[in-house]
Amino acid sequence: MGAGMMKSLILHLAVLVLLFLLQFVISDYAILTLTRMMVLGIFASGFNILFGYTGLLSLGHAMFFGAGVYAAGLPIYHFGWSVPLAFVFAIFMSFVAAVIIGVIALRTVRDSFMILTLMLAQAGYLAILYFNRETGGSEGLTMPQASRSFDFLGLTIDLTDAATRYNIAVLLLAITIVVSFILIQGRYGRLFNAIRENEARTEMLGYNVLTAKLFSFTVSGTIAGMAGAAYAILFGYIGATFAGIQYSIEALLFTLLGGAGTLLGPLLGSILMTTLIDRLSEVTSAYFLFLGLILIALTLWFPKGLLGTIKEKWLPWLT
Amino acid sequence: MADVTFLKTKDLKCHFGGIKAVDGVDFTLEKGEIRAIIGPNGAGKSTFVSLLSGRTEATAGEVEFLGENVTRLPAYKRVRRGIAYTFQITNIYKDFPVIENVAIAVQSRLSNSGEKTGAGRIRAEAEKVLARVGLSQFAERKAGELAYGHQRLLEVGMGLALQPELLILDEPTQGLSDSEVSDFCDLVKEIAQNATILLIEHNMDVVMTLAGRITVLNQGRILAEGSPEDIRANRAVQDAYLGRGDE
Amino acid sequence: MGFGPFLFLATLEGLVQASVLVLTAVGLSLVFGVMRVVNVAHGEFFMLGAVIAWFVATNMPGDPAIGFIAALIISPLAVGAVAYVADRLILTRLNYNPEATIVATIGLLYVIQQSVLMTYGADARPVDPPFYYTIRLPWFGYSSYKLFVIAAACVLLGVIWFVLKRTKWGLLMRATQFDRETALAFGIPVRKVYSFVFAIGAGLAAIGAVLIVPIQQAHYLMGLDPLLLSFTVVIIGGLGSIQGTIFAAILIGLSDGILSVFFSPTLAKIVSTLFVAMVLVFKPNGLFAKAKR
Amino acid sequence: MTDKTGNKTFNLTRRTALKGLAAGTSLILSPAVLRHGLAHAGETIKLGAPIHRTGIGAAYGRWYERVANAAVKIINDGGGINGMPIELIIEDDGTDPKRGTEVVEKFATEYKVDAIFGQLFSHVVAAAAPRAGELKVPYLMCSETHQLAAGGFSRYAFQPGITDVKSQIASMAPWVSKNLGKKVTMIYPDYAFGYGHRDFFSAAMKEQGGEVSTLIPVPPTETSFSRYFPQIDPSSDVIYHVMVGPGVLTFVKELGEFFGSSHPAIFGFVDSIEAVDLATPQLSFLEDSYFWEAAPRYAQADQTEFDKFYREAVGVDANGASTSDPKDISTYSHMFSVWETLFAIKSAMEAADYKGVEQKEAFIEALENLGTMEASNEHPQGKKVMDPKTHQAFGVQNISQVKSSKMEVVYTTTIEEGMYEPEVDYSKMSL
């Protein structure tokens, strides 16, 4: 166990270091897209805490991503808040949203939970459209020029610079991975797994399952919200589409492709899926056809996702 | 009396629609006992212990454990107060290693009693439990791959890992071979040195070997209660078993 | 216009919406109830039904009514066949594992949508209704075809009810739904039942689509809304309860129609979405869940 | 897998896995050499066109792509720009803000294009245009959006090919109030595109002494409209409608059913029926109603030579349909913007003697100073005036009436009717 954990820790740190170093060798374009993939990977990682580890399938996680996007973007746009302040505020607001939604949604289980999260997210999406005078509705809002660079701890951070954005994304990803690692390796990881595997039994072993699920839900939603805030700030645009159902589905797909219940799975899924779409769209606009076929193939031959299958067959210590 | 009663129910009822699964049971259990509950199928035995453990909510009546009214407490809180329940239908984490099954229980006990929950400590305690139930050699095997008898032992081991005051065993020997049953009886006797045991059992040999007292349920009510000898001689009990009991 | 007629119109509109929804949702409910799987591609079967209806109706010479009737027969059969093949090729191999099925049907969704985009194109295309008559009321005019849709839905529901309760096939389905293991033990060809249920579910969505295309147009992105609505209806109605599904479809269709009288439309959608969400919170197994022990 | 053979299998499969991983990594990291990376700078003018091939904008995208190809062919047949042929790179942006931004980034950094043009839907433009500015690539939208002239973007963003929606709408108000009436009920989609109409037209009507008395927003996902019609103020003179998306036929048909033969005058934006055949029975209710058109879809009696030339080059017949398929209706009132944008690029590049990215600044200044572009083969929709401050071009607008399921132009506005005070001065910003 100890040795496995060590191996796993080293692997994850190595991946983070590799991501950091990549910026010195890869093309400009790869830096730009990898930045986006990492941010969406963080979003999917948050989703994975709930789905992959705790076994709760939310079909509305875009509401937290969207909450982060808007809680960061609106104060910047309307009140000229500083970027770091807006970022922290957005994380806090996502946390609050996750607690409130969690308390409501966790009254239900399985199919009902799935649909309830879907409905709540839909309500959130519609609310963004409804308050279009503030939110910009479906057209969205372009962040003002002034918010594209800011001073932080004596440093001037220029968000229009690709390398800066890349490193911020690596940093946030590292925080996410490390926090998740500690969480999953610790007693909550065991508890989450236990709930996923057999909720009734876990309750009869003296665990407050509901609290544990709420905790998982909150962590998951907060991480998703942080990803949303990062997206708004790094790419300078907020829009209702980020709270729409396709982003909820995207988190699920990334996670399933990379491997649910593995820390790096969602990131891997995000990278592979985005790259695939990007490369396929050079040769055909029917990339969704291929994407569909690939998804079907995955479920047929890699049901646990890539890392999930690798973990099951070869690397049981993988977290 | 200075001592509080260990476990007591007052007029406990549980109705599902029109079905009166448990219908007014007054029941007491003293600390240190091994008590068996017997009765024909559908007598309400499983529902009754579910009411004790909190898996099922009572329609009316009270459950008192160590002087505290626990009727409205959720199951996990009762577990924390010392009521452990092992399932009639084996209910383990089938995809996890055997030791992990026990570790989950150990972690629960340690964190609920405010003790340190380091990985090493949990593992050591879990190994101890596995040794007690004789599953040490299977520690790293997937629980779902164990033989049925071993899975039953694991189920008991998970209860044991909680170091409960009261261990409720719901038909623990069902499906075990004769030799496994006798090993099992020895294990229960050993456990009984530190815990009170409430046992639902169909195998009368097991009941007679283990139980100090026996409670007979029929149609949701207590039909008789007493020592094994008393029960054996009880006319009403024989009637209940010999066919009057429907279902 | 007075408030009364306004409400009357909203109710009529709600009923039309409910009629189409009920057919689509009953299809999903059958699949959900009998097979216990979530078919995310259900909305695409609906869309496919509409697109095939367009193909049939435009290539059928003569009166629009002939094209429409032909579409009503051909489209559900064709869509059912697609679903049958998908079930045989994919779902059976996944052993109907719930999560894998979700992903695979998302894949199917993409495949169907993109194939339609490449063959049929991005345009919204209308199908001529079998008849054009507009009923003139004192306050407003109303399409007689819409009333026909309501009637047709009622008739079809009657047929579905009959098949489920009175035929051998219905019995097989209900037995499989009730307990898969026992059904297997009694020699019911569960796999076959599953494939047919999947095909019938898709076919029902297609019928709903054929009925709707003369009112709204066939478009390759039209599947998402019916999917979400059907899901909602099935869950609210209670898993596997056909009566519940019908009731919920009418409830949601009407509430959507009538709420928009009182609120601005987007707000009405928010309110009705939250209303449905709250039903789930307080009745997690749906309004018509059978009492469980 | 037992212990004995396990090791071997492990190694083998691990090697395979590593191979796969390596292949995957190289796929991700490899610069897209493919078709486009090979040409050297200075040999061609590379133009990137993110097109709505899929998603809700697909009907527009299909025609934008045809127009772009046709215009590029003409330019290249005529010797290209400054002696260099245009290399047109098209990729689908899915009508999606995220994908749209990714494609813009890809054009800027991987293909290293000289300019990007062609995005239409305003939410995609809102996300992509600022990123193009940050990557310092000239970005020319073909969108009608007012965000540019409102100052939302940067000095790298232009709209030389089509008038923005604020100007289009404002220029309609005088004619509407004079000829149709002063009391208007407006039905519009409850999202960004509709809000422009709501705000700009309400303001413009007020200036004319009229009013928009009732606003009926309809959610974008709506597929059935009857229940909204009772809200129409029966004393209105005009119903102003603008609907986009697949629901429009239903909208018109239900409006017809609702009203029957007596109804207020109807005025709409042709956006409602772009790519839709007017001769569809469901649209018969529109007979005699009025539409805004930027470019008249149906060849008019006084059709210009330029319009004829443009139709032929793109492959559009006199009814605005594809010459190869009369059922394939064009987005005639928008797609000319792609054509005119490409010729604006050509003329600015020629003015700046553009040879490559070194002359980027000169190119941008030349775009700002395009000035008046007379009606010509290059500008078949009509004369345009480029405002150097807002980077927005202004042109004439048409009001057409539906007659026998065709549209006849009844009035053409002057450019001045659509002018407004500049809200921003991009030309003073740094590059």
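Just so it is clear, A, B, C and D label the chains in written order, and each chain counts residues from 1 on its own.
Keep this in mind: a contact is a pair of C-beta atoms (placed from the backbone, for glycine too) under 8 Å apart; a residue touches a chain by one contact, two chains touch by 3 or more.
Note that the structure is a prediction, hence the values are computed from the model and not measured.
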Chain located farthest away, centre of chain D as origin (C-alpha): B
Most central chain, judged by mean C-alpha position against the global CA mean: A
Pair of chains joined by more contacts [C-beta pairs], A-D or A-B: A-D
Between chain D and chain B, distance of the C-alpha-averaged centres to the nearest whole Å: 72
Inter-chain centre distance, chain A versus chain B - centres from mean C-alpha coordinates, in Å: 43
Distance between the centres, which are taken as Cα means, of chain C and chain B, whole angstrom: 49
Inter-chain centre distance, chain A versus chain D - centres from mean C-alpha coordinates, in Å: 33
Where chain D touches two or more other chains at once, by residue number: 54, 190, 219
For chain C, residues that touch 2 or more chains besides their own: 114, 117, 264, 266, 269
Residues within chain A bordering two or more other chains: 126, 129, 288
Complex interface listing, chain A residues touching chain B: 1-2, 5, 187, 190-191, 193-194, 197-198, 200-209
Chain A contact footprint on chain C (complex, rising order): 38, 90, 93-94, 97, 99-104, 106-115, 117-118, 224, 228, 231-232, 235, 239, 264, 266-267, 269-270, 273-274, 276-277, 280-281, 284-286
Chain A-facing residues of chain D, complex: 10, 13-14, 17, 24, 27-29, 31-32, 34-35, 53-54, 91-92, 96-99, 101-103, 105-106, 109-110, 122-123, 126-127, 129-131, 134, 147, 152-154, 190-193, 195, 219-220
Interfacial residue positions of chain D with respect to chain C in the complex: 54-56, 58-59, 61-62, 190, 217-219, 221-224, 226-230, 234, 245-250, 253-254, 257-260, 275-276, 280-282
Residues on chain C engaged by chain D in the complex (per definition of touch): 1, 5-6, 9-10, 12-13, 16-17, 114, 117, 121-124, 126, 128, 132, 134, 136, 139-143, 215-217, 219, 221-222, 225, 257, 260-261, 264-266, 269
